[in-house]
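What follows is a set of structures for review.
In the two complexes that follow, chain A is the common piece, with chain B as its partner first and chain C second.
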Partner chain A sequence: MDKTVNQKAWFLVLPVFLVVAFSAVLPLMTVVNYSMQDTFGNNQFFWNGVGWFKELLDPSTDLGGRFLASLGRNLFFSLVILAIEVPLGIVVALSMPRDGWTVAACLVILALPLLIPWNVVGTIWQIFGRPDIGLLGYVLNAAGIDYNYVSNDIDAWVTVIVMDVWHWTSLVALLCYAGLKSIPEAYYQAAQIDGASRWAVFKAIQLPKMNRVLLIAVLLRFMDSFMIYTEPFVVTGGGPGNSTTFVSIELVKIALGQFDLGKAAALSLVYNLIILIVCWIFYTVMTNAGAERKPQEGAA
Partner chain B sequence: MARIDLVDLAHSYGGNDAPQESFALKPVTMTWRQGGAYALLGPSGCGKTTLLNVISGIITPSRGKILFDGKDITPLSTQKRNIAQVFQFPVIYDTMTVGQNLAFPLKNRGVPKAEIDKRVAEIGRLLDLEPHLNRKATRLTADAKQKISLGRGLVRSDVAAVLFDEPLTVIDPELKWQLRSKLKALHRELDLTMIYVTHDQTEALTFADTVVVMHDGRVVQSGTPAELFDKPAHTFVGYFIGSPGMNIIPAEVRGREARIGGHVIVLNRAYDNLPAGAKIEIGVRPEFVEVVAPAPGLLTAKIERIDDLGRIRFARTRLGDAKLAARAPAGFTSSDGDAGLKFDPSHVHVYADSLLVEGAA
Partner chain C sequence: MHSIPGRRLIMGLFLIFLLLPIYWLVNMSFKTNSEIVSTMTLWPHTPTLQHYKRIFTDESWYSGYINSLEYVVLNTIISISVALPAAYAFSRYRFLGDKHLFFWLLSNRMAPAAVYALPFFNLYSAIGLFDTPWAVALAHCIFNVPLAVWILEGFVSGVPREIDETAFLDGYSFPRFFIKILVPLIASGIGVAAFFCFMFSWVELLLARTLTSVSAKPIAAIMTRTVSASGMDWGLLAAAGVLTIIPGALVIWFVRNYIARGFALGRV
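After this line comes the complex of A and B, so read on.
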């Protein structure tokens, strides 16, 4: 079959090229430009080559030390919230009703935290956790637990993690629920006839049927938690000390606090690269998992 | 292995207080012989799947009892009933190999490993799944998957009955035949009670020795394929089974005569005690009516078209308001669209309010 060749179609794509150029390519190139230079204010720039990148990966320098420490904190944070939110989301999804009016009620309640803007979530928890006027902080202290997220590292971490779990477990639960809903009733009936226990049903039917949405949930939650900024910034401001300073908070400190545009640009490029690599890994894993599930015709 | 008795069994999805007319399954009492091959045949929504699910325990009936070998098992859960069921779409445990799929029901019941391996190997051989036992079950074709579903039922040595819920829906036509003969062979070999739900009469008639026809929640007839064909107990059975279905024509019946629009058709039996006020119809299969050249003494019909089915031709005719299909013998042609109808008296049945009336000899 001959396809019609018409080069005019390129004109239709042109607006997109322009928009992408101004919104993504040019800003990115500016960042690349900054990352090779140093500035002392007054719009004066000096060439620095790959100096910032070298420093960034060398833990003995100030920049490298701060970057690697915040990266470590960030990865730890992501792992912890994944370890809590994924199993918790599955449990919530499993215990949701399968039909009736209660389904709608559950969905609305689950969706509520997702609809609240980040900085509002941060503010809610910032006040909620205050030992003097916050309900949570006051009750905990009244119960004899010494809780103060402003002065205690562990309390600050617990607060930030619980806040994230509160905010985002719903997302995992909703995705899992969608996965569960797609399992035909016959599977449960067959399992009943096969004498499967509740646990066996979960392992043999529900988990395998959910693993596609679980991969998406893990990807979304990892990316989001790896880029987290607003909530911990509002609650702890990265403190006490640097204990809850994640990469994005560190980046803003360097870029806007110290106005070290060169260092900040180098850091954000590396940060971006990490996210791209993780995305690519997840994407590959997901498409491979999908390909494996396709039945081979004529195999019988 | 068991004989299954249904005693006054009924089910309503709207609860027991719903009017009986709305019941998905109206009260039925019947016995399924141990080792029999049964087909539950009926159009969609006739209650056949409900009946099947009641037997397997997925649905608890609103009324009545189910007995396995005389023991009341109505309150028992599906797990405790020793029933195997094959569903419309193959149910496969994705993460397991074919062998693990087959072993699953035994593992759940705590059967020793050596015993499991033995049974799995045996059933794998029986179903020709041997070469695939160590492969992931998801990678197989639909018919192989359906065999695995079946195998999971057969692997238990104590199954009382195997239930099939339209199991060939997703199978390619050419493989349907193979799989159906496989089922028949298994039935002979294993001496299992098999109940097969379908809306396809060919499937039902080729699989079963007893076909149970359901209509609107009721069992309207249960019999061998030949009985259903020769002597439909209900007009529904008449036109649902057979292709084309039975001709059902309103008529006045008195003694050994049926009158259609003033024309007399001779009957083989005498019908003197027909219920007064009932809707009287005669039923005759197209195979037993022949179109011939119009002649005095023959009922005359207008031919609308002639369907050539290869082996046999059927004339579609119009008789007043009624439509009637009849066999067109080789070489028959109609010049003016009129034809005479020749009835075979021994195959003309009389129905009162849709139910077969047995005439006196």
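After this line comes the complex of A and C, so read on.
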């Protein structure tokens, strides 16, 4: 289906353009402005050029050290949760009941964690993991495992990761389920006639059909975990020490805690740039995957 | 659809994993604070409604729910109404800069809220919207509008182009075609998009908290403040948490049949 060229379509896009420009471009200009200046309060600003950016990328300074450390933690976190959530989500999607009321029930329960406000997600796990009043913490400690996410780095990390798996695996599962649902029954019948094994069916039919939704899942999960703020903030407050301080937490600390506008703005821009680049890579891969698929669909 | 061996067991275990922390929250919301602190009980031995009663009678608590719902609904309406025509344009036409514009929109969905917290604060203070539901509703547009465009574009593309052409041949004007024919055809898509706008606006806290102080404070922010002020009132916190889950659960129930397709952003 070829699209027609029509410049008047801009009128249809204009409202979106205005709304998003108002809430994205204007604030971004403020950020760029701040990032070049230093402030000593009282609304007095001084020109600082690219000073903040230099400091930000130099690990020997306080700002740079904090930024790069939190960036490293954040990347590690994103990779770990992707490594857990994507396979687990696929397995859960493949385990969905075939039909009947159980499908609706499973879908609703799966979607439930996605609709809980993020700070409540934090609160749930804060309570659940506490050794004194939480089921998880209590059971672990009763079983002889010394678990305390407030004082132990590793426990804090495990808690934050399990919380994210709890919170977001459903998203991957629902996406994969949508992909699986779109496979025509005839494919499976053909596979059965050919005597294909379960694994072969998965590799040759189900996985290729899930390609696109998996890309969306990985994209969304990477981006959202890369800008995670509320949940770990509520559970660990970035601690113990700085062990679970991710980039957004560091940024809010600098911007709204210390009111270091220049530093915070410079950090924001670099942070945004990283996200933009990753986003662009994903977008290109996705649109190319779509372009490759189209001729096949036309032939079929 | 073919599933894997042991699927009932896997699904069962996963659902238990999902429900157990929620159960614990519900469980705690019905306990008295002395029971919470003193003993480990799997269900409330002296069940009480005192925490819920407090929330429903204390205005500083229940107004939070009203404030939250207010900006969530506003945001959903704004997002859907501006996204609909744009989705149609992206789906049907090529125009100057369309691909770049689409990517730019998408990139805003991915921008970290923490980056925008401070500039939004300045912007909305400057134009006098600070501490109103409008500020939060507009701020949430930054991620909800692109998402709505993305989802709706998928659904509009599912409508055969011949329908447009027939309608125009029949003498329908563009606005009339849009409202009378297109909107009913993609009603389920609009439902899904609205669900997503509702969801992301409802769960977001950082911007909502930064852009409000007293009169438009969302429930999520009230929860954090009250907890730190009163020491740890675990029962009250749990009850407030349970009440924030309910609107989401209701919304899911209504869209359960479209959820899967919606999560794939209308692109399966």
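One rule holds in what follows: the second predicted complex is superposed on the first by the 273 of 300 C-alpha atoms of A that agree within 3 Å, B and C clash if a C-alpha of one lies under 4 Å from a C-alpha of the other, contacts with A are read in each partner's own complex, and residues count from 1 in each chain.
Convention: a residue touches a chain if its C-beta (ideal position, glycine included) is under 8 Å from a C-beta of that chain, and two chains touch if they have at least 3 such contacts.
All values reported here derive from a predicted model rather than from experimental measurement.
Contacts of A:194 after superposition: chain B is touched, whereas chain C is not reached. Contacts of A:186 after superposition on the shared chain: chain B is touched, whereas chain C is not.
Ranked by how many residues of chain A each touches, chain B and chain C are led by C.
Once the two complexes are overlaid on the shared chain, A:208 sits against chain B while remaining clear of chain C.
When the two complexes are overlaid on their common chain A, residue A:60 makes contact with neither chain B nor chain C. The residues of chain A shared by its contacts with chain B and with chain C come to none at all. Listing the residues of chain B that touch chain A in their complex gives 53, 56-58, 77-79, 83-85, 87-89, 91, 93-96, 104-105, 108-109, 132, 135, 138-141, 143-144, 149, 152-153. On the side of chain A, the complex with chain B involves touching residues 184, 186-187, 189-190, 192-197, 200, 204-205, 208-209, 293, 295-300. Across the interface of their complex, chain A is touched by residues 1-8, 10-11, 14-15, 17-22, 24-25, 28, 36-37, 40, 42, 78, 81-83, 85-86, 88-90, 92-96, 98, 101, 103-120, 122-123, 138-139, 141-142, 145-146, 149, 161, 199, 202-206, 210, 219-220, 223-224, 234, 237-238, 241, 244-245, 247-249, 251-253, 256-257, 259-261, 263-265, 267-268 of chain C. Touching chain C in their complex are the following residues of chain A: 1, 3-10, 12-13, 15-17, 19-20, 22-24, 26-28, 30-31, 88, 91-92, 94-98, 104, 106-120, 123-125, 127-128, 132-136, 138, 166, 169-171, 174-175, 177-183, 188, 198, 201-202, 206, 212-213, 216, 223, 226-227, 229-230, 234, 247-248, 251-252, 255-256, 261, 264-265, 268, 271-272, 275-276, 279-280, 283.
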